[in-house]
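Residue numbering begins at 1 within each chain, and the chains themselves are lettered A, B and C in the order written.
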Amino acid sequence: MIRFNNVHKWFKDLHVLNGINLQVQQGEVVVVCGPSGSGKSTLIRTVNQLESINEGEIWVDGKNVADPKTNLNALRAEVGFVFQHFNLYPHLSVLDNITLSPMKVKGMDRAAADKQAVTLLERVGLAHKKDAFPAMLSGGQQQRVAIARGLAMEPRVMLFDEPTSALDPEMIGEVLKVMKDLAESGMTMMVVTHEMGFAREVADRVVFVDHGQIIEEAHPEHFFTNPQHDRAKQFLRQLLTPMN
Amino acid sequence: MNYNWDWNVFFKSTGIGSEIYLDWFVSGLGWTIAVALVAWIVALIIGSVLGVMRTLPNKLLSGIATAYVELFRNVPLLVQLFIWYFMVPDYLPESTQVWFKQELNPATSAYISVVVCLALFTAARVCEQVRTGIQALPKGQSAAALAVGFTLPQMYRHVLLPQAFRIIIPPLTSEFLNIFKNSSVASLIGLMELLAQTKQTAEFTANMFEAFTLATLIYFVLNMSLMTFMSWVEKKVRIPGMMGGAK
Amino acid sequence: MRFTTRLLTTAVIASAFAAPAMANTLEKIKDSGVIVLGHRDASIPFSYLADGPNPIGYSHDLQLKVVEAVKKQLKMPNLQVKYNLVTSQTRIPLVQNGTVDLECGSTTNNLERQKQVAFSVGIFEIGTRLMTAKTSGVKDFPDLKGKNVVTTAGTTSERLLKAMNAEKQMGMNIISAKDHGESFLMLETGRAVAFMMDDALLYGEMAKAKNPANWVVTGKPQSFEIYGCMLRKDDPAFKKVVDDAIKATFKSGEINKIYSKWFMNPVPPKGQNLSFPMSDEFKELIAKPTDKSAEQM
């Protein structure tokens, strides 16, 4: 479904992605973790080309996204993306946030789009908020709407870029629950997160990134109980030590 | 000061047909509104397009818009008016020139010149406001729009501009008021708008203070109405759950 | 708003000046040791700025005659002269509020203005006529039917032209330009076939033209207007000094020298010669000086 072939990217002198090779199979849930500044966010943003790459190839659903001839808009329409800061459209109601892209990009009519949006809102438990505006919602609710917005395009892949990092602790659970349900429904997912509980429970594979390189790639059970690499060990130690 | 006040002056005959001086103010106000409103609409359209251009990744387009802003913002309005009124017509084809200068009613040709001049001048200022509005939006907004597969025009139309315009309503209001004040340059090419009619009345009656007091009052009421209108618009488009518009 | 504020400020300043109503200009001059002369910047050849910081011109020469008389009257040979530039909008209020003691430029004496200020005896008389290209075929006012005609905003010519257009249904398009220079520009660039204005000013504009020979001043004068110097109302002592000084210049024949200097010889800044001979109307005014406006005669 997604395949990275020796991908490099530089920000000026900084080598943010240094020879990434990675594959995500259909229906697979891959969690990407790593210390901050490791390049994991950049990595996930290259999949739908919110970040361009300097070298290598990224194939999504059989299309090379770095090829200038690829229709990026069509590709992005098939790849849902959930941001750390939700990025809902503040000027539109919850319902309109979800219906906007199906209507404008796919040409769906308003009635069908509304119906679909309500279904999705029910799925994320927010049907009663369809007429609210983003600023009236809590962070957790906003992120659930953002997931519904992503699903409205009926994507083949969902990408999550630290979806819970900006949330108050008590709201993290509700978002993870929605993500877990989604994973169980068979969605192909690539998730950048520090939520190791989620990784352990839901992920098929954990990818550990540091200094722009994939250092370790393993089944969650192996990764958490028996990390191979020193940096991964250190990372896990820090992550699991409370109040650090 | 031994000034001779006479507030009845506005109801006196101008000596031209059956006109009284008040008629001059009414017609002056009419021209002022006609100039400012039309120029404003054109300025909003052109300024928005330029403002969007300035934020585009395309270097050529944003360069054109930047050059436009520099040119039109830095040349004094009066100079621009004289260029549009006296110089530009001389570069038109011969027949158009004759039509513009002689066959067209002079008030109409002055009107066209001043509307073009004010619209292009104000467009440069609107452009900067629109650009600032767009750039003030969180980067995540364009990322979110692109991520669902919007094209660039769709992103501006549905996501960026509706938010940017809400942010810039206050500075746009002040540009809107400015264009009404700036419309008084029209008097310099013989268009009898409010200020011209005021000066005219002052000159003819020698009741200068009455004339300018009335003009002050009219400009004041006009400005107040415009501000009331704009704050109504601002309230109308305010986003529920947000204080004072989008952020 | 900025415009409004400026107006209000002007009004406030004006009324602040108004407080000490100075009915006696001579006393004020004596106390301060200064006489303030109001002048124009571009009323060629009446009162304008050319080379130096001080104004020059026909009206200004007469103004200096008055200064001499004031010096004599007050026995103040070292009386200081201060200049204050006025525009057509500011000249009346600045005289009224005491900023300017005497304004000599190209101000028409008329009934409306007499309600606000006093006028000296007439210093010049003009007729309102037309300037047009020699080739235009326009000889007189009736030829202007359906044509574009320019005049300067706020002048008597403008009012006469508009009234004529309304009464005789001539279908003229009247352009009101902001000053004489711009009126002439409208004529020169073909936006108007004729320019109606005070004849002396028309000759002034003609002299400035690139090719003065292309233009002609024509048409029956539609009105006569007498220019006067402006001073404050109800100040008979000062008015007498002003009037006497001007009358003496008329009587001695010195006025002919001054007239010839400004209207029959090259004048600054470009050394143009207006070649505008003295009209019979003005000769009559010199013979019988009066402070009445033309409409009162």
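The rule we apply is simple: a contact is a pair of C-beta atoms (placed from the backbone, for glycine too) under 8 Å apart; a residue touches a chain by one contact, two chains touch by 3 or more.
Please read these numbers as outputs of a predicted model, since none were measured by experiment.
Contact with both subunit A and subunit B is made by no chain of the assembly.
Taking the mean of each chain's C-alpha atoms, the chain whose centre lies closest to the overall C-alpha mean is B. Chain centres were defined as the mean of their Cα atoms; on that basis the chain farthest from subunit A turns out to be C. Note on chain placement: the centre of subunit A and the centre of subunit B lie 47 Å apart, centres being C-alpha means.
Computed from the mean C-alpha positions, the centre of subunit B lies at a distance of 36 Å from the centre of subunit C.
Mean C-alpha position of subunit A lies 81 Å from that of subunit C.
On the subunit B side of its complex with subunit A, the touching residues are 138, 140-141, 143-144, 146-151, 154, 158-159, 162-163, 166, 239-242, 246-247. Across the complex, subunit C meets subunit B through its residues 1-4, 7-8, 10-11, 14-15, 17-18, 21, 23, 88-89, 92-93, 96-98, 110, 112-113, 115-116, 148, 150, 153-155, 158-159, 162-163, 166-167, 173-178, 182, 185-186, 189-192, 232-234. Per the touch definition, subunit B reaches subunit C in the complex via residues 1-4, 6, 14-17, 86, 90, 101-102, 105-107, 109-110, 177, 181, 184, 187-190, 192, 195-196, 199-200, 202-209, 212-213, 215-216, 219-220, 223.
Interface residues of subunit A, counted against subunit B in their complex, comprise 48, 50, 73-81, 83, 85-91, 100-101, 104-105, 132-136, 149-150, 153.
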